[in-house]
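There's a structure below that I have some questions on.
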Amino acid sequence: MKESPTSTSDVTIKELETRGIQVRKIEKEVYEVFIGPQHPGSGHMRIIVRLDGDIIAEADPDIGYVHRTMEKLSEVREWLKPIPLLERMTIIDACNITVPYVNALEKLMDKAPPPRASYLRVLLCEINRVASHLYGFGIFGVFLGHSTAYMWAFGDREVFVELAEILTGARLTHTYPIPGGVRRDMPQDFPEMARRAVKYMRRRLIEYQRIFLDNPVIVKRLEGVGVISKSLAAELGIVGPNIRGSGIKYDVRLIEPYEVYDELEFEIPVYEEGDALARTWVRVEEIKQSLNIIEQAVDWLERHKGELILSKDDYDKLPKLHKEIYEKTGRVKLLPVHASMKIPAGKAVARGEAGRGEIFYYVESDGGTVPYRVRVVTPSARNAIVFKYIVPGHKLMDLPAIYGSIDYFPPESDR
Amino acid sequence: MVEALSLDNIINSIKLNLEGLVKSISISKGYIEVVVDASHIVEAALKLKSMGYDHVKSITAIDYPKESKIRVVYHASSYINEDLAKTIIGLTADIPRDNPVIDSLSQVWRSVEFQEREVYEFFGVIFREHPDLRPLLVIPELAEKKVLRKDFIVKEESIYEGIPHKY
Amino acid sequence: MLETLLYIIAYPPLWQVLIVGFLGSLLIAMIAIWFERKTAARVQRRIGPYWASPKLGGFLNIIADMIRYVLQQVIIPTSVDKTAFILAPVAALIITLLPIVFIPLSPIETFWPIPSMDYSLLVALALTTVPPLLLIVAGWASNNKFAVIGSLRESYIITAYELIAVISILSVSASTSTFNLVSIVEYQAPLKWFIVLNPVAFLAAFLAILMSTSAFPFEIPESEHEVVAGPFTEYSGILYALNMGGAYIRRFIYSILLAIVFLGGWAPYTPPLDSGPLMGIIVPSIIVIIKASIIVLAMSFLRAVYGRYRLDQALEYAWKLFLPLALLGLGWAIIVGFTI
Amino acid sequence: MKGSSIDRVYVGNLNIAARRARDLLLGKLKLGEIVDWATTFSLWPVHLLTSCCGAEFAATWSPRFDAEQYGALPWVGPRQTNFIVIEGTVTRKMACALRITYEQMPNPKFVIAMGACALDGGLFYNSYNIVRPWEVVPVDIYIPGCPPPPEALARAILELRKKIREKNIASKWLIEGWRNDRDYVSPKEDVCRWWRP
């Protein structure tokens, strides 16, 4: 393998160039492979992998193929408009991504959502989390050549996408939370559906375990691959299920409970091994916990029917017609003034636990109608460093296993 | 009021540890802002790290064209120490806009490496002694334009107000 | 008239090489692809190919794919070694089909394509080992990094599985003390099939064929998530179809060999020596093809259940587990040879 | 072959023979229609994910919607496929990959542009980092929506099939060597200029 293009002599290079082929010399005695962006195992990114034999000597993630300039665009759009904009970066996890932004706005405005709105947000967040974990799980399955895991996970993800659609009206891009509340109330028959979905998913998880997680081929592929030790995980600053798979009990829902997470009962699954298998198990356990939270949230919402889903002063400002619509359909119709509202000057930081890990927002206002600066650091953006520091030393065939196990989602990383 | 007490404790210990480096320290919404001089940032970061702040969540650069400065904020926190994990320290330094150079913290916290590259490409902030300072997300041609600075104006259609803003 | 027609059809080169070898294996390959897609779809709770021909369960879809591939533009990149690039898949397909010439589908001598079947097992087995080498050539000629890595993997796999396949299939000779496939079939009277007498060797041979034709869980040379399409990354149009179909055809030829050697060949039916072409060759061949198809389809089903092993793990299994298994099968065969 | 005597000596006039063979195959045997039919049931999209509509693209092949029943099967490399789905925004970096992928595909090939961003930028219309896909590759079918639901993508595949069958695009493309019913799109600027090896 070392003999191949790396040591092409100058004569052959000239000859190839006359034939119109781009040739360049590689300095080291390595075999350079570009994985992506058009590659079944890359997604929307490129990983420049330098191989020494079959061992990866160096991996350089070349990201930015989905950089859609959300930070800049947020600076020129009115305060509410970044919500739909930002949720496009993790379209499969829309609510989890936008809740911290809304929280930051609420911190700046000194406004708190009513409890029912908070519960609705948590409900959608957890539905999104299950859907997002199943998405990652499916992609992971197909990375290991297990197409059944992909299809099952994507099929079952539809259950939760459907739930979210019933709740918000959109399959993926919900734009659900707004400063001071949410946009729609829960439909009457939603609790029943949610409970059925939860029951169904619990049963399916056992089947997943049988076909995928306990499959000897899969276990063999994942065990001891991509091990991230506890101290290294902290040093690299990776987030989410990846860090909990390395034995660090860090979950924003636990550390700094936002919304109503402090009122809910759930556990944070932590595995000590730090390998790809542990990270996968963390996700599966998290799905179980999310299902618990969905049940609790639905129960609470059923007990507290008729409460406001918009903060009191916002509701009082609504004209009569809009109030009637709200009473009838449970839909909040916002006034144009919302679009051009001004937020007092200041800066706020908010963090939340999205499906793939901690999401961080820094929002600065100069008192105008648009944000002065919105800085968003997404979980995948922080996990990207894994490619550089964990992948080297593994075999080429381990790359999809590690990629899948850290559940890297390029659009989220690139913003 | 356990929360507030521990917050005070943390501020006190930061003051103690970073003595002589801190310009000002204040509680902001969601984080503790610690302003230091740009030339002392590595020292301050090392001390914060020895206190237990083991990773950086975000590097934010904010452009203030009126004051002709760029503010770089490292939001650091802790994973291992659960008490410190509850707080975020915003290690802040101001650097001149026309010559934005600052020492890289990638030797202190490895987690800043990619985000420093990002700040470099969007704001043109040069991090001294960064191991691999290349544009991360955008093509080199765009990185030269320093797109996230306020003088790079993106046109926006709006019915409410005449935008783009003039800064 | 019909008699004459039957005799023409049963003329060995025509029947054995063209009809069974080429058309039969093409059909079985298409059925295997269709079956693979359909069963995978069934396991995955969906429909799979359907609307091309609802009555046939979407089977015409595979034909559509085939026509599309055959008539699509063939791109030959400037950077490839043209001769090898074009010749390798064609040669691989032809050599893949060759073993069928040495496999008897009937005990009657007039219907054999070659005059004597004395060393048929050896020759057939030897020929099956050639096509993978041409895949390596194809990958190397492509001058594509993924293709080169893919063909390197192929070469590792070849060294691992070839020994297993050869030992486990040849072990029946230790029992029967002959390389004559007809004698081997005759040795297996209805209830003395080697899959019963010597299941270990059959298992080893089955696993070796899985590795050889890169079926799951050993789909490593074409593992799409690292090396796109492996050795075939640069191939398009008909050349890719040859490559892709080649793997299935190879699987089918191997399966015919397995059906003859382990599953009792044309048993339970044994044509009398004076029977005509219909009962003498066509019916026994169909029995063999059905047995072979079952093996092919069983291999295809594994896609729905397994992921793929890593290269080193597959090699480890091959050398540490399957090779001893094949040797065990050989020992078992010797015992069988002495006792039965 | 004009002027050379070889074609006359051995096989008569090659051009006339080829024309006759073409007439026979296309006219009497309806080979063209078979090609069109085969292409419509064998639209294999290449594995190129340009943006977040990829989530819905993946869902289109999930058990609930199962686009494989129309014969469309996502496949690995551009050489083996004939169809690109542009899933949403195309950034400047991705435009290069998109163009290269398109050029690597064998004829006849088709493009579906999915999502508002692929139409005209969508939410990101004023972003500094996006390009319009129709400036990079010729697009056959556009799907509006942000993101379009999987049903819409399945519908687009059906519409593309209809278009191929009605206009005999695939067979004409193969006969004439290029596509006549649509303008050839080449990017105005070099989309890969940022990539300097």
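Note that the chains take the letters A, B, C and D in the order they are written out, and that residue 1 is the start of every chain.
As a working rule, contacts are C-beta pairs under 8 Å (C-beta built on N, C-alpha and C of every residue); 3 or more make two chains touch, one makes a residue touch a chain.
Just so we're clear, the structure is a prediction, and the values are computed from it rather than from any experiment.
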Legend entry - Greatest separation from chain A - chain, by CA centre: C
Inset, instruction - Round to the nearest whole Å and give the separation of the Cα centres of chain B and chain C. - result: 63
Legend entry - Distance between the centres, which are taken as Cα means, of chain D and chain C, whole angstrom: 34
Legend entry - Whole-Å separation of chain centres (CA-atom averages), chain A against chain C: 45
Legend entry - CA centroid of chain A to CA centroid of chain B, Å: 24
Legend entry - chain A, residues touching no fewer than two other chains: 39-40, 64, 67, 69, 72-73, 76, 151-152, 155
Legend entry - Contacts with two or more other chains, residues of chain B listed in rising order: 138, 147, 152, 154, 156
Legend entry - Interface hub residues of chain D, defined as touching at least two other chains: 62-63, 76-77, 93, 126-129
Inset, instruction - Give the pairs of chains that touch; include all such pairs. - result: A-B, A-C, A-D, B-D, C-D
Legend entry - Of all residues in chain A, those that touch chain C in their complex: 1, 4, 16, 19-21, 31-35, 39-41, 51, 54, 141-149, 151-152, 155, 211-212, 215, 217-218, 220-221, 395-400
Inset, instruction - Using the touch definition up top, name the residues of chain A that touch chain D in the complex. - result: 22, 24, 37-40, 43-44, 64-69, 72-73, 76, 84-85, 88-92, 135, 138-139, 151-152, 154-155, 157-158, 161, 171-173, 411
Inset, instruction - Would you tell me which residues of chain D are touching chain C in their complex? - result: 34-35, 37-42, 44, 62-63, 66, 68-71, 73, 76-77, 79-80, 82, 104, 106-108, 174
Inset, instruction - Could you please specify the touching residues of chain B with respect to chain D in the complex? - result: 138-142, 145, 147, 152, 154-157
Inset, instruction - Using the touch rule from the top, collect the residues of chain C that touch chain D in their complex. - result: 37, 41, 44-52, 58, 60-61, 63-69, 71-75, 224, 228-229, 232-237, 240
